[in-house]
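Heads up, the next two complexes both have chain A, just with different partners, chain B and then chain C.
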Partner chain A sequence: MAASKSGVSKPAVTSFQKKTRSKLISISGTRPSVQNGQLLVSTGVTSLDYLLGGGLAVGTVLLIEEDRYDSYSRTILKYFLAEGVVCRHELFVASAQDNPDDILQELPSPILDDVAIHKPAEQPRLPSDPPDSLDAMKIAWRYQNLPKVQTALASSSRFGHYYDVSKTMEPEIRQAAKCHRFYLPEHPTQSSPTHSTMLKSYSALLKSLQEVINREGFDLTTPMSNSRNILRVGLHSLGSALWGDDLCCRDNPRNGHALATFLYGLRALLRSSLSVAVVTVPSHLIQDRALMGSITRLCDNAIALESFKGSERETNPLYKDYHGLLHVRQIPQLNCLASKLPDHKDLAFKLKRKQFTIERLHLPPDLSETVSRVSRGELAGAPTAASACGTGTSGNKHLDF
Partner chain B sequence: MLTELLHGADTGGFLVIQDSTSCSGRHLLESFISAALNREEAVHVLGFDVSEEELTGGLKGSAIERLHFHNAYTDPLGWTDQPSLTLHQFCSEELSHLLKPTSHSKSTILVIDSLSWILRHVNPPAVCKTLHQLRKGGAVRAIIALLHADMHQRGTVGSVCHLASSVIKVAPGMKGDETVAKITKRSKSGKVVQDEEIFSIKEDLSVTVHSKRSQPGLKQTETEEQEADPTANLTFNLRLSDTEREAKEKLALPFVFSKEKKSALLHSGPGSGRILYEPDANDDYDQEDPDDDLDV
Partner chain C sequence: MFTELNSILNTNPDSITPGEFILISDRQSDASFLIHHFLSFYLKARCKVCFLGLVQSFNHYHAVSQRLGVSLLQAKEKGQLVFLEGLSESLSVLIPQEDNAGSQAMDFLRDPAAGLKSLYEFVRSSLNSPDGAEDWGPPVLLVDDLSVLLSLGVSVGAVLDFSHYCRATVCSQLKGSMVMLTRCEGEEEEDEGDDEGSERLLKGLTHQCSLTLHVQGLPTGYCREIHGQVEVCWRRRPVAGQYTPKKLFQYKVHDKGASFFAPGTSSAVL
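Here is the complex of A and B:
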């Protein structure tokens, strides 16, 4: 009571200060994390953002283990770069295989008026629904008003944009973004005898990245200027033979630690700057699993894509709605001891024209009592329609009760 | 798909023919050479595995003039004074120099026979780099290479095939002259097509595709499906006549409630409360959302 009285008499003196947003760095296309206040950027794939705890924290590396034909990992990389273009971030694209300009030309077109995707119709049904919907369920009618199970991973608020993969981004939008390119065959490699464990190509890449960070003012140690921006770093197919690395070629690679050394350097560079990186690695070619483990450890986030293309899973009815499986190898532990693990481990992805979605993988409802313990391998052989009618029917012709 | 590849549809492609000791891919390679020659294209062969006579034995006619054989078979490592082609020349600058004489690069095809020989002596990353540069450089229209897959470590084969636009894996077929080809083709847009075909090669190096191999596993499940019709021989009646159905519908089951009771149970009725609030002018209404920093 006394406090309120004094508040009336002298309104200016109060210890209460409203928390405002101005203390945080405000950069377009970023938002602070709900869990730990880290500054996040979107990967361009909404469900991947959700999976990684809201987005990619600035200063971290996302490792993508490529699928066999590098089609989906490349798509995610392009989404990441396209999101940067739309948010007016700066880009740094490095590749040894394709010219970075080619990658930039393939960026998907953003759908900028895409608010219609999350319509209220998808929300749980309101009590004011017409009563004739009651006829929908006769026996299990108590479940009628339960919201549908949402398989697609999505957070409640929108972050990031949607893209149309069938169209490429208009050149005007693309050229508005500032982009730094590193194409290994065109890059003059200086001889650097001091770094013995690091390959020339990697040290040239790291130097080039460092130069961009220092020159363009992404470094956090430099005094704060008014207009800060994010640098998005996309490194394509690192560790492949075209980087001069025999990591993928041999069982006992001669410069097996070159990539690990590079990633150490990359991480140190990113931690002290306003930049975020996505690295793809053709891990299916790497024979040494221990080396792959150390590479994963040196990145903050790690996901692996396993495409069904060319594998026997393509014909499996369980997977018929999806294009591949997504494995989460690592989730970052930033400023905390434990990380937020995804609540579901079996994840699958599919690439639709307007969206790359990651969904929880569900087993179809099992209707009979006898096949309740059918394994996935058995399911691969039997068609879904027949599996409900019992597995033993092929042997005895008569169904006796 | 094999005939499609033989006709050489893709420009800037890199085709790898993977074989093993159980089945040689050399005849298929020769077919590819002869098909290219028939298209009036210049073919450059880097021959490491067999001599010129052996390779060109099956080829006939005037088309052979457009075949340029670079002999690395006699002296691959440069031990004599005048080697015609050595392994050290396997880099993009030297090779584009070698391919210069034919003026129109639009229709030049480079055949490497075989890549295994090179991979044995040159560092695999260097080989991959050279192949990639040749492909991007525009000196040749397409590259066709033979690779003995069982000679190398898995990673090496994987790395080379990772670069290739098409991979043909050959394996022995059921009959004597038949060969099974597993084809993986990657288009520029990133789409991957896979196919399996049985083919045989005649004397004049023409390829006849017999059939697409039907998957034996799939066939089995189809027959099983036909057998397992559970409604065929039943000892009881599954179907209802109209009168029976009517009688069934009349029967009131326990725990089936009327519509009104259901809706009363599902929705909170009019007895429950609800807060109606209309802000008036004196309300201290904050323009800013107090929870905007919570991000919910």
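Here is the complex of A and C:
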């Protein structure tokens, strides 16, 4: 190669040309999927991207079943929107509860020099930080050079950005992004004769979304222009009473098919346009499991968050490293026969000082003197049992072989 | 088309049994790979196919079929395949426009209580139409999937009526075949007295059909190497003299097909 480079002065014509598919559109913040060639965008949470098979495919819906206080699901929604701002995608935010402007003001601040994030020294050390005490532990020399087991889910190549949840995004960055808002209380409800199964609020939302898609040229049927962009749709707390839906309030909801019909229409809209949606639903309020199942089916990806806040698990030492469990309800099969199932189904999430991560759930190492594993149920009343077992060895603390 | 499944069902594209109604159902698993199998199977058998794709876009079915060696676009151009793309048809109904020129097939969205008559009319006209250009084999109707109709507000009775009408027309009158997919949610035993929609639909359809393929997740839980199990159950037709009504297989879906094996004989286990 070096010889040919020095000898030839004319423009290099080699037989090695980068194979590019002209069919794929190059838009910032997207990449084609390795598996099926789908155009993917990042959710903003790197570990969630990995879980969903590299990212969210354009034209699909991610359903997030809210945790009880809607704190972590809201965090993911904000991550998703913040990633859109950084990638210069357009946003569409709809809510019935908070003003979309309020949601946008809370977006986390991006960390744009992402080299610093990998340095462990940057993070302030806590004296009670368990990994630190582990590092200090003497282990056999032959294990010292082994790589550390990585529990956080991550792919090898980076995609998406990192965010600092402790700070909010600067207004200049935020205002650079084009954002469409749909705030139900301020939206005039038209009295046009819509059909019976869909609520007025949902059909107004669907109509408003379609108008944005058609007006701003996200429609795939319109002739290809040079500057194509992605529309990120964030719909907050669909199905809650504020949308006029009674899914959450009654055992036998009158308009039980309204949300499902809306999601069907949303899927139809997204499949024919360059847009991607994240929908949060307060599923813990919905009594009818079958109804929730049909809602899940009409979304593509579905995850459920179960936070430990307010539950007895919060104080359980087994879960002290995590803030909640994450259940993968559904992974779509898009343009292929087999869906990419995750390796692992026991997943937990935590909100670190600056970052939201999803990790494989594992039990903490048992560092007590009695090595016998105590089952979860016994843990509450463990001290007495442990001391009873440990009476034999209480005299000599150090094991001698 | 999965050749392993063909040998299990004792069929091949050259000799298809007329008048079959195959019901595919699933519970806590995904049976849509079987729909792709039957779509490519009947297209290779040179049948006239009417496909009601209610849950996915045409591009999805096209991309998967290409991996299975069938081009839906070509089949559509030749007139072999009539494809109803439910998603795109529904938009004109869900978001009413001034120039309302959508097809009538998705009319049930406008008023779910009215039933699926328009959808049946679509099926009948598309399978009956004497194109005459090329002589295709017996007509076949595929539906993916019926339970989405329940989600959209259609009653169980209306869906069962629809499948019964289709069976009378396609299976009996035209000597064709029918494949329908329905999906159930949750455990089998829970809510005994509660006549939940999808369960009632499954029972009703099981009564009508001639062969069921019931896909389930593994009872022992999630596994990466085995995606689930299929219960094959023949009704009415004793197989090759002896009466073997039920067979159970485990399966794994690959990139371009699926493999079926007897329980416990996965390559990951042996």
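What we mean here is this: the second predicted complex is superposed on the first by the 312 of 401 C-alpha atoms of A that agree within 3 Å, B and C clash if a C-alpha of one lies under 4 Å from a C-alpha of the other, contacts with A are read in each partner's own complex, and residues count from 1 in each chain.
To be clear about the criterion, a residue touches a chain if its C-beta (ideal position, glycine included) is under 8 Å from a C-beta of that chain, and two chains touch if they have at least 3 such contacts.
Computed from a prediction, not measured in an experiment: that's the story for all the values here.
Asks: For the overlaid complexes, name the partner, chain B or chain C, with more touching residues on chain A.
Replies: B
Asks: Identify the partner contact of A:Glu216: answer first if only chain B is touched, second if only chain C is, both if each is, neither if none is.
Replies: Touch status of A:Glu216: no partner.
Asks: Touch test for A:Asp164: chain B only (first), chain C only (second), both, or neither?
Replies: In the superposition, A:Asp164 contacts neither chain B nor chain C.
Asks: Applying the touch criterion given at the start, work out whether A:Asp251 contacts chain B, chain C, both or neither, answering first, second, both or neither.
Replies: first
Asks: Report for A:Ala290: first if it touches chain B alone, second if chain C alone, otherwise both or neither.
Replies: A:Ala290 contacts chain C only, not chain B.
Asks: Just chain B (first), just chain C (second), both, or neither: which does A:Gly310 touch?
Replies: In the superposition, A:Gly310 touches chain B alone.
Asks: Please output the residues of chain C touching chain A within their complex, sorted ascending.
Replies: Residues 30, 32-33, 36, 55, 57, 59-60, 63-64, 67-68, 87-88, 90-91, 93-96, 109-113, 147-148, 150-153, 183, 185-186, 196-198, 222, 224, 227, 253-258.
Asks: Where on chain B does chain A make contact in their complex?
Replies: 123-126, 128-129, 132-133, 136, 153-156, 158-159, 162-163, 184, 186, 190-192, 194, 217-218, 221, 224-225, 227-228, 230, 232-236, 256, 259, 262-263, 265-268, 292-296
Asks: Across the complex, what residues on chain A touch chain C?
Replies: 36, 192-198, 203, 206-207, 210, 257, 260-261, 264-265, 267-269, 271-272, 289-290, 293-295, 297-298, 333-339, 341, 343, 345
Asks: Please output the residues of chain A touching chain B within their complex, sorted ascending.
Replies: Touch residues, chain A against chain B: 19, 21, 31-32, 34, 69-71, 74-75, 97, 127, 131, 134, 138-139, 141-142, 144-145, 156-157, 185, 240-246, 248-251, 282, 284-287, 309-310, 315, 381-383, 386, 389-390, 393-394, 397-401.
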